[in-house]
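This is the structure, below, for whatever I ask next.
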Amino acid sequence: MNKNPQDLRKTTIYRNFTDYPSGSVMICQGRTRVLCTASVEDKVPSFLSGSGRGWLTAEYSMLPGSTLQRKERDIKKGRQDPRSVEIGRLIGRSLRASLDLSKLGEHTITIDCDVLQADGGTRCASITGGMVALSDSVARLMGSGALAENPILHKVAAVSVGICAGVPTLDLDYEHDSSADVDMNVVMTDGGGLVEIQGTAERAPFARDKLLEMLDLAAKGIRELFKAQESAAVLAVQS
Amino acid sequence: MNKNPQDLRKTTIYRNFTDYPSGSVMICQGRTRVLCTASVEDKVPSFLSGSGRGWLTAEYSMLPGSTLQRKERDIKKGRQDPRSVEIGRLIGRSLRASLDLSKLGEHTITIDCDVLQADGGTRCASITGGMVALSDSVARLMGSGALAENPILHKVAAVSVGICAGVPTLDLDYEHDSSADVDMNVVMTDGGGLVEIQGTAERAPFARDKLLEMLDLAAKGIRELFKAQESAAVLAVQS
Amino acid sequence: MNKNPQDLRKTTIYRNFTDYPSGSVMICQGRTRVLCTASVEDKVPSFLSGSGRGWLTAEYSMLPGSTLQRKERDIKKGRQDPRSVEIGRLIGRSLRASLDLSKLGEHTITIDCDVLQADGGTRCASITGGMVALSDSVARLMGSGALAENPILHKVAAVSVGICAGVPTLDLDYEHDSSADVDMNVVMTDGGGLVEIQGTAERAPFARDKLLEMLDLAAKGIRELFKAQESAAVLAVQS
Amino acid sequence: MNKNPQDLRKTTIYRNFTDYPSGSVMICQGRTRVLCTASVEDKVPSFLSGSGRGWLTAEYSMLPGSTLQRKERDIKKGRQDPRSVEIGRLIGRSLRASLDLSKLGEHTITIDCDVLQADGGTRCASITGGMVALSDSVARLMGSGALAENPILHKVAAVSVGICAGVPTLDLDYEHDSSADVDMNVVMTDGGGLVEIQGTAERAPFARDKLLEMLDLAAKGIRELFKAQESAAVLAVQS
Amino acid sequence: MNKNPQDLRKTTIYRNFTDYPSGSVMICQGRTRVLCTASVEDKVPSFLSGSGRGWLTAEYSMLPGSTLQRKERDIKKGRQDPRSVEIGRLIGRSLRASLDLSKLGEHTITIDCDVLQADGGTRCASITGGMVALSDSVARLMGSGALAENPILHKVAAVSVGICAGVPTLDLDYEHDSSADVDMNVVMTDGGGLVEIQGTAERAPFARDKLLEMLDLAAKGIRELFKAQESAAVLAVQS
Amino acid sequence: MNKNPQDLRKTTIYRNFTDYPSGSVMICQGRTRVLCTASVEDKVPSFLSGSGRGWLTAEYSMLPGSTLQRKERDIKKGRQDPRSVEIGRLIGRSLRASLDLSKLGEHTITIDCDVLQADGGTRCASITGGMVALSDSVARLMGSGALAENPILHKVAAVSVGICAGVPTLDLDYEHDSSADVDMNVVMTDGGGLVEIQGTAERAPFARDKLLEMLDLAAKGIRELFKAQESAAVLAVQS
């Protein structure tokens, strides 16, 4: 990772990566690559039925070839990887925070985040890329008249931050993540509000002032990610 | 919940609640009650085999009768409740942070947290009660000569904190938890270090200063929980 | 087990052990402890729908810390322990025999028997304790006007009996159960009728007269268990 | 069912029904037909490894076309029918009682009981037919020199008995079984010893003297089943 | 296998093998024996609901004792054998090709093919035998007035063919199948049309002219199987 | 699909699509896109252990966003899609036919085919693309000295062919595939040998001469696919 501790890794976001989903995004952050698709159904979970409100849910999975050692498929082991379940729940909560669900009508948007290549920060890349897929999907729903008002309250983006050999470090790749003393994921809105903060002492408890340093670094990185979301382009694979 | 926002709920911890496990604790925090048992095996997961290091893992489950509406057993649905998996992972990470695993020998300690009654804060109560079960288990291992040195580096305890109707509030019961704007769980050591912090905006993004207010309140509550750990007693159920 | 072969182990039954279920009982028989809760739903299985009749079902499970060697959770193995399924079916049949289901209305009562500590006789303790939880649940349904008539026809209770080193023995603990020649479980009503009898030759076939001796001993034990049901009290765990 | 209450249904036992298993039997009892095969493996479950002792286990299943309403396969529902599990355990216990496992060497015999047509009494027919498959398998093991001594201590056979409209009745078909007040299964040795007795009050508790009447009737039926075992023949299906 | 390469194995088909299913057939082809039952339900899968059209589906399974080495049940391994799923899909497609589903009304016919003894060619025997069970079932539906018109367009039958040591060979048993260079299954109608052709090079790619030789041999064998279907008789097992 | 019936769809193959697997290919055929990765392990299934021979296996799966209607993940339904299992088996058989497994050493190569976008012909595209991933993987193994000799005997490629409105048609997209009378998949070597042929009459039986016309068309298409394999290039997604 040839970058300064306070820098974000190179990040490119491609829109319309595939044709069928309502939103389809590939986000590349360093060597990490995640395909984020948004699919819309005209129904809601039973607890919302008849409420006029919509729902958003997310699922996260890693392809077998996404890691250095091939990762066995969940279905072969008969149960979903608990880490994947936990990350899917985080992505869903984070992206729901961007929406006024009462303006979504009784639609469910499913954000599928499938990791093509994993080099650290996949959960945060999924949120950042998923936000673009969600925006594209909402734009399509508004274009078709399925939604009268824009339900998006905020854009959200996410980044990881940690303490590596005593140095607060932004956007860890796999190698740095594995050796960090503290690992934290931060989700924020474009208005600067906190949506989710998850910090874990991997090696030793950390003090309150380190928490604040990491928060500042994350805020800086997230501001740059909002710019990458803005400049997302289209990748032609079959001319 | 007849308590001030800055107060902890009444907390009682019973040791030796059952006879067979190496540590067995029932923690009562308000109406929440969790049975935490520690079991020891003379083996470690394969990734630690031959390393001389030990391991700690945790599992969390709610009994069917623990909630107002009966909760169906996971086995009937064919898969573990993803929320339970996520909580088990948090308990495991938090309690591992209390240990120097290199002093545990090739033992695995399993902390089982089974919720007998759920009125909010069960994951934090599991950590606080689990720490007592872990301490008792370690004491027994040292007493029998299975461990030469005490592997416990820190005591840990955990508490939830939130913002309810704008007011930072400690140790939410189920009713308050359901309506809180922000929900945060904090795990700390008796030395005052942060082990885990998980904050989620349930209704609206929150600002950095609110985060700090909640952190202060959590630190105060956790200090009181260390006292409850110290004063844990035995409950006689069959004279 | 410091008791005479013809004696019951010390038995204490606590009511209202937890707050949410319609009936909540902890039964202690020797070192065996089972939490029995009764939950009521306003619906019946499809084969009874529209019949005006109710249903009772039971589930049995052992907590991981309930045995000397930690017992892995069923959900981790991906299937319910067949012994637990079989015991749940026995508990359900036995407690249904206490009811006139046509007076229960279209309610389903689920009796959950979760073993906190297992020292033999857990299936019988579940039936004896479950009967108290069922009675409390029915009393609550009648108190609230949900039931017009009492559907309880009989009280039932259950006990194990065996032949140990040639001696007919009542209420075996785990150690005696493991070495018994014959193992039998008997469920009876307070009117003295047989509800269920399950006898198994563990080591050698047994003669008809031994069967009769065991039946007599079981009947004596069950009479004492009906007294323990009558004198069930409340245990305060959080003053 | 054109038979007197005290009569057994017509019973025919075919040996060598298929070619590959070590024992292969089709038992026809009334319209009930069960294929019982015995397979031998040169290993034992881990708890017996190195003990020099053998093991016997049994599995029971109903083919989809065996019932009036097609029965869905367990694998389609993702879990084994609990009734089938319970019956498999009963068959295994009953047939193990016929063996001196210390003379079996470290072999495991698996008795598979697959119901081709179910008209009541399938679990008892499985035991009676399974005994013949087991005997044939043991004879083959002795013939090949794999066993030095005959491990069979007793022959066992089983029959159902019940009380129908107040009348003790032997060997119930499905129609009678469904309306019986009491349903009991009895497993006995050719020496007249009891191996297993399972009686259930389906409609009302039953008295001790009714139990004794049913036991006498079962003993008579089982004596006739031992004769049917003796006269088992071979059915040629492909000349 | 004492037969010429161009011969079919001896084939006998028994009808009414069991009493409950709408069609019940045991087909014996060499040592291979498959029980094929047809069950009818008055409903269709949701994608056909309201269409007035019927459906046919098939399931294939091998009994544990059907093979030289006992075959573990799918339910014990927690998932259906992929080969069995694939074969069930082939049987279903092949038998649907015999029907005009628009004349079946909204019925679903399930063909269950349970292999009692496996000596090669079980998938083809299932199709050939399943066709007879289907015909009997349709005859019964027409006899009862449930169907106005005969939905059967063609009879179908199937046979395996291969190249063994360079020689095109019909109807392989297990031993020949295991050593064949090419393995092909062919399903045809009584009108001589191809329904399904599945050929696999097991050892080396094969040329187009070998494909044609095998097709000719299969067509000859299938003509003989249609005769065996015609001459199916009843086997009395319980006089 | 603006193409003549006898034409292949535009096909582009990208190599080194991701960095970690031993071979990583994205194949685009019309709108169909499949990611094919090859992973190598230094072990073989137990039936080959100690044989000195290697193994190749394949898995096939569709991403949730790959279809017009979102496809639910297998793990959510608790079982692998039977069609996916069947296709994985076909891919594995076909690619194994390209190898002399005795020259592979005791390595297992796993070919993972994950469909990013499905517009017909995904199983054939998986084989054609998988062959390139396999070649790259073998080249890498030879480059590193892990293999002494090239185990690749033939290149293989696959194409679908059908009869649409009476016209033999090559390389069907989803729309044409859904309405074809006959659907056939053909796998061939670069030497022109047949590896696998699977033809199904979807609407009406087909005659032998139609089979031959389809075979000719497939052979032509496969020759073109071998050219596309030769000209595979690299796609830069993160400059």
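Every chain is named by a letter (A, B, C, D, E and F) in the order it is written, and numbering of its residues begins at 1.
We adopt the following convention: a residue touches a chain if its C-beta (ideal position, glycine included) is under 8 Å from a C-beta of that chain, and two chains touch if they have at least 3 such contacts.
The model shown is predicted, which means the values in this text are computed figures rather than measured ones.
Enquirer: So which chain is the furthest away from chain F, centre to centre on CA atoms?
Expert: C
Enquirer: Superimpose the Cα trace of chain B on the Cα trace of chain D, which carries the same sequence, then give the rotation angle to the nearest 5°.
Expert: The two chains, chain B and chain D, differ by a rotation of 120 degrees.
Enquirer: Taking all residue numbers at the chain E/chain F interface, are over half used by both copies (same) or under half (different)?
Expert: The interface is built from the same residue numbers on each side, given that over half of them are used by both copies.
Enquirer: Please compute the C-alpha centroid of chain D, do the same for chain E, then give the distance between them in whole Å.
Expert: That gives a centre separation of 32 Å.
Enquirer: Any idea how many Å lie between the Cα centroids of chain A and chain C?
Expert: 50
Enquirer: Roughly how many whole angstrom separate the Cα centroids of chain A and chain D?
Expert: So the centre of chain A lies 59 Å away from the centre of chain D.
Enquirer: Which parts of chain C, given as residue numbers and ranges, touch two or more other chains?
Expert: 78-80
Enquirer: Could you list all chains around the ring, opening with chain A and heading toward chain B first?
Expert: Result for the ring walk from chain A toward chain B: A, B, C, D, E, F.
Enquirer: Would you tell me which residues of chain C are touching chain B in their complex?
Expert: Touch list, chain C to chain B: 10, 12, 14, 18-21, 24, 26, 28, 31, 33, 35, 37, 39, 41, 59, 61, 63-68, 70, 73-75, 79-80, 110, 112, 114, 116-117, 235, 237-239.
Enquirer: Across the complex, what residues on chain F touch chain E?
Expert: Chain F reaches chain E through residues 79-80, 82-83, 85-86, 89, 93, 97, 154, 188-189, 191, 193-201, 204-208, 211, 215.
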